[in-house]
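Note that the chains take the letters A, B, C, D and E in the order they are written out, and that residue 1 is the start of every chain.
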Amino acid sequence: MRSLQVKNLSKVYPNGNQALNNINFTVNPGEAVILLGHNGSGKSTLFRSMINFETPTTGEVLIGGQSTTSLSRRQLRPIRQKVGMVFQNFNLVHNLSVFQNVLFGALGTSKTIQTFNWIAPKELRFKAMEALDRVGLSEFAKRRADELSGGQQQRVAIARMLMQDPELVLADEPIASLDPKAGREVMDLLWDIVHERGLTVVSILHQMDIAKEYGERILALKDGELVIDQDIHTLNERALNDLYHQPTTKQRAGA
Amino acid sequence: MNNWNEQRLSDHMPKRMKRPPTGAWILFIIAAGFMISGLINANLSFTRLYEGLFNMGNFVALAFPPDFANLQSIFSALVETFEIALVGTAFGVMLSLPIALLASSNTTPYAPVRTITRSIVSAMRTIPDLIWALIFVIAVGLGPLAGILTIVVDTIGFCARFFSERIEEIKKGPSQALQATGASNFGVISGAILPAGFPSFVGTSLFAFEKAIRSAVILGLVGAGGIGVELNTAMSLRMFDEALMIIILILIVVLTVEQISSRIRKKVI
Amino acid sequence: GSEADEGSAIEQDASAAAETADGQEDWPETIRFAVTGIDGMEELQRRYEEFQDVIEEHTGVDFEFFALSNRTVASTAMEADQVDMVLSGPSEYAQTKGAAPGVEPLAAIERDAYHSVFVVHEDSEFEELEDLRGESIAMKEAGSTSGHIGPSAILIDEGLDDDIEVELLGDARIEAFKSGETTALADGVRAYDRIVEEDGEDAYRIIHEGPPLPQDPFVASPELPESFKETFTEILHEHEDEILDAILDHEENDKYDGAKIVDIEDEDYDLMRETYDTLGIELQ
Amino acid sequence: MNNWNEQRLSDHMPKRMKRPPTGAWILFIIAAGFMISGLINANLSFTRLYEGLFNMGNFVALAFPPDFANLQSIFSALVETFEIALVGTAFGVMLSLPIALLASSNTTPYAPVRTITRSIVSAMRTIPDLIWALIFVIAVGLGPLAGILTIVVDTIGFCARFFSERIEEIKKGPSQALQATGASNFGVISGAILPAGFPSFVGTSLFAFEKAIRSAVILGLVGAGGIGVELNTAMSLRMFDEALMIIILILIVVLTVEQISSRIRKKVI
Amino acid sequence: MRSLQVKNLSKVYPNGNQALNNINFTVNPGEAVILLGHNGSGKSTLFRSMINFETPTTGEVLIGGQSTTSLSRRQLRPIRQKVGMVFQNFNLVHNLSVFQNVLFGALGTSKTIQTFNWIAPKELRFKAMEALDRVGLSEFAKRRADELSGGQQQRVAIARMLMQDPELVLADEPIASLDPKAGREVMDLLWDIVHERGLTVVSILHQMDIAKEYGERILALKDGELVIDQDIHTLNERALNDLYHQPTTKQRAGA
């Protein structure tokens, strides 16, 4: 339900590496977009810049019309609340239970104290169980997060995002560690809520078959530049292949 | 592999050593200078060491067998110390946590706040126990309370610093994940920072507790008695056999605390 | 009184010491000389370069100085032959003698104001020691001459030792007394002078003054050759003023002027021993 | 959602609280008992506090302004202390590292070795500085060397424990990756354990150094002089203005050490 | 060049969860095998058990005929030296350089001290650069490992494994985070060395298309049991699909 606008976004890391170079695009509310790009093309950096985990070097990002670039941590909160992020490396709190990790998804929408298992209201607890159930992990609620398999951990991260009731989902390779069936289920889940609840979803993917199947609109980065922004149906194979051609040496490495 | 390729690879190959920044060099040279000067002053002589070993036997003999005659009164002094130390470190640790959060770069983005907090903590450590004891004796009189307050200050000086260092070492991933949900600072801290730091906090706190029990000086100064005073008296009156008994008693407590510490930590690491 | 005359009759000056070089073969090359934190002796120098120069010049032997903050270390070092001479307080001497019976006091520094006093607040009701029955007294640490053994001896003398609560507070004793935590303070008279200096003449009142305390002795290790001990004693007497000037810090404490170097016997410390004994402390 | 499903979910839902094990309960009750007893003994009284504040003013006034008259000689005592502390902590830290490795469960799989090492380290802490000083005075005579050795022991008691706790907290992933290459223990330790623990080791070591500089007791005990002795003398002669000057001087050193510590750590965290 | 035999292997985790249930198979020297299985089916556990990072509850694993199950850490070293493992979560040493991480691959074969960049012999350094070059990261040698993108980190882990000159490669989802082209390159690399140097490779994969393309022999776990062990050509679609059917509740969750 929130739009996403990226304007002239560039990011140079402190080590001199230019990860993003003047990116411009807009995602409308209710759109589901797939973001492609070779390893190191800047996809994760782009995601992190959107909610200001990386301060862009130039340019700005507007979420629901509000610029995230210049806000204080406190001002960012209401925006971040509406943005559900699935991190590439999951970022679970390892020594807590799976259930507690999912409950933390409600940190933005509920009072902090209510997200602690021992005090959380019944509805929130059920909601967390449902979120876990949607990714097929309800039986694992009691486990410590680091006693799960890789794919299970990724699903917990997705459940945590669902718990947040986001209006805009940024999913960084959400199915990389999932088995084919689970991967499809998660994609279905995301696309369903886009259509049912009108969410906006941007998902990074490396699986071309899934991208082609689910994608309506495709964005693609190459060496930090946005090189594709078009409908999947008008996209030719050649352009896709070009994406993954060896980037030039100059652009690839940092200082 | 052709020559060109080899060239390319060695172009990208990191140097064996990064030239350390000038500051580091200067620091190193200064430290080495002090070190050498210190070693020279220390006047190492191995003949002396050899002779000394003989005398050591005599000294150690003074302490054996440990004298358990006063066990009962010493034991009650130990209990007394234990209580005071427990209350003091408990409050100290509770205060250390927020202070540590104010002193850490990943929980407090405002550099001046951090610098000020850290300096205060350092000052708390640098001001000697005697001064704190005097201040609290003046403020609240002789007795356990002054001792507790001094221990609180001691604990903050120690724990706040170590908590803060640990907090800064915590990987930022999970905190960011919680921030991304729109969590408040309090939420991020209690959801990601505290769980990750918990094992270390337990270890440090229990060390502070152990330290408070061992610390001979504080309680004596404020007339609160305790095991440390007994030990000091025994030593300064050369009653080494009694001193040994007290040391053994304290050691038992210390080892027990260590055990508890490692049990708790094992559960949560 | 000083009996320096006898020494000066034998050896007139430093050059005389050089003449007896034959008798010095068994002298150690360096004398390890420790000064313990002689409590109550505020006028003691905090650095000993000057004393070192003077004493090296007169003995012709090198001196190495150590300032010790703990009397146990001094007696243990003596016992283990890690130190040759100690300038110590009376109480430390008694301990050292207990630990190393062979040690010998060569001479001592006598000060004109070295006794314990019992002090109360001016506005308090207490007039004499007897009134303190059932009250509390702040003292220094266990084993301190002027701040523990001395006053304890007095209390034992007066038969008050069982009825008074003694708080050994170390360096916190004065603040504790000042803020009314204890009724009285028992300490060296120098401590009294200090608090008067801080708070004025009419803040505190002495209710009892003890007898002069034994002097601070130069203690020699039994390992030192007799000839050295003799020479050293003689030099102490002969160059009394020069040496006192070097040891004592007159700049800050000119009002404590009037120290002397005196002969001393082991028996002079029996008072210390008795008190230790009554307090139930064994000297070993 | 149907009833059956709801039932299924609540079956798997974790309890609000895990019932803590009986041992933990007992421990908690004992600690609470001591704590309460301690608080009762502490005899809190707020009227007393109020009166005390007045006296405090007088006391603090004694220390102002700081007296910089002896700055030069104090400064040289500081340099002396600095040297001794540097040598002592340097050796202490070097010895602490292998000891810590022996005491950590992820580097030493043999429980008895661990237990023994830890107990020795605890004993090193529990035996008071005075005893160590006596031992070293007997062994090597009075002077800086005995001070250095005492600092070495102190540093080991402190650093070996904290190093070991940190080592146990290190995530096992990278170590396993190196083990999987067939690396020796030495390889795993130097390739994965040390790099991960490095920031913490630096922080702990520099704290130990700071501690050695601040520590008033040790050097005085062995007649090695130093800033701590100056401070103690100043305080016991009630020259609080001079004491304040010394404290300020030490604080400057302490803050500098902290700065260095945080600079180094920032680079490697 | 080393064979791999797994005999009656079972693993029950301390929390009561049975991750592996009586697994039996043999991989011959020079074979390239793909291991499939749903999330949590026990694939990573199986890998970790092989070189004794998890002690099997029952059964044993023989590598080159030697049992790894009952060996001391020291005795395991020569075996582990010959086994190149790519971990699911990479396990790089984060605060060291990429180059140093790759050099550590030689820890088993060289003297420890020689694997440190500042003292490593020239050949080892060049070998490390070549390994990096094979995964396309030679320009990134100087970077800190945690300043890489997810896919780049995975490639470093592969380079580290290459550095080790293993005879048996255990690769746990080695291309999960890689872009399509890089993924294929890595698979090519692995299969090339199998054919050129006669290595033995077992690779866990979730990408069915890649599995079908590269796989000769397919192993598959389901709920901790080995349910498929056959040639790709004789494998029917149905069997593959069954793999990813919802496992029964009973077997899935631990205590």
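The criterion applied here is as follows: a residue touches a chain if its C-beta (ideal position, glycine included) is under 8 Å from a C-beta of that chain, and two chains touch if they have at least 3 such contacts.
Note that the structure is a prediction, hence the values are computed from the model and not measured.
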Option in A-B, A-D or B-E whose residue-number contact pairs overlap D-E by over half: A-B
Between A-D and C-D, the pair with more C-beta contacts: C-D
Approximate Å spacing (C-alpha centroids) for the pair chain B, chain D: 2
Where chain C and chain E are represented by their mean Cα positions, the distance between them in whole Å: 78
Averaged-CA centre spacing for the pair chain C and chain B, given as whole angstrom: 37
Separation of chain A from chain E, taking each centre as the mean of its C-alpha atoms, in whole Å: 28
Two or more partner chains touched - positions in chain B: 12, 52, 55, 59, 130, 134, 138, 141, 232, 235, 269
Multi-chain contact residues (two or more partners), chain A: 89, 139-140, 253
Junction residues of chain C - those touching two or more other chains: 70, 72, 76, 80, 82, 171, 175, 178-179
Chain pairs in mutual contact under the definition given at the outset: A-B, A-D, A-E, B-C, B-D, B-E, C-D, D-E
Residues on chain D engaged by chain A in the complex (per definition of touch): 1, 5-6, 8-10, 12-14, 16-17
Interface residues, chain D side, partner chain E - complex: 12, 109, 173-174, 176-188, 190-192, 195-196, 198, 268-269
In the complex, chain D residues that touch chain B: 27, 31, 34-35, 37-39, 41-45, 48-49, 52-53, 55-56, 59, 79-80, 82-84, 86-87, 90, 118-119, 122-123, 125-128, 130-131, 134-135, 138-141, 143-145, 148, 161-162, 165-166, 168-169, 199-200, 203, 207, 210, 214, 216, 231-232, 235, 243, 247, 250-251, 254-255, 258, 260, 265, 269
Interfacial residue positions of chain E with respect to chain B in the complex: 97, 99, 117-120, 125-126, 129-130, 133, 138-142
Complex contact set, residues of chain D against chain C: 52, 55, 58-59, 62, 73, 130, 133-134, 137-138, 141-143, 217, 220-225, 229-230, 232-233, 235-238
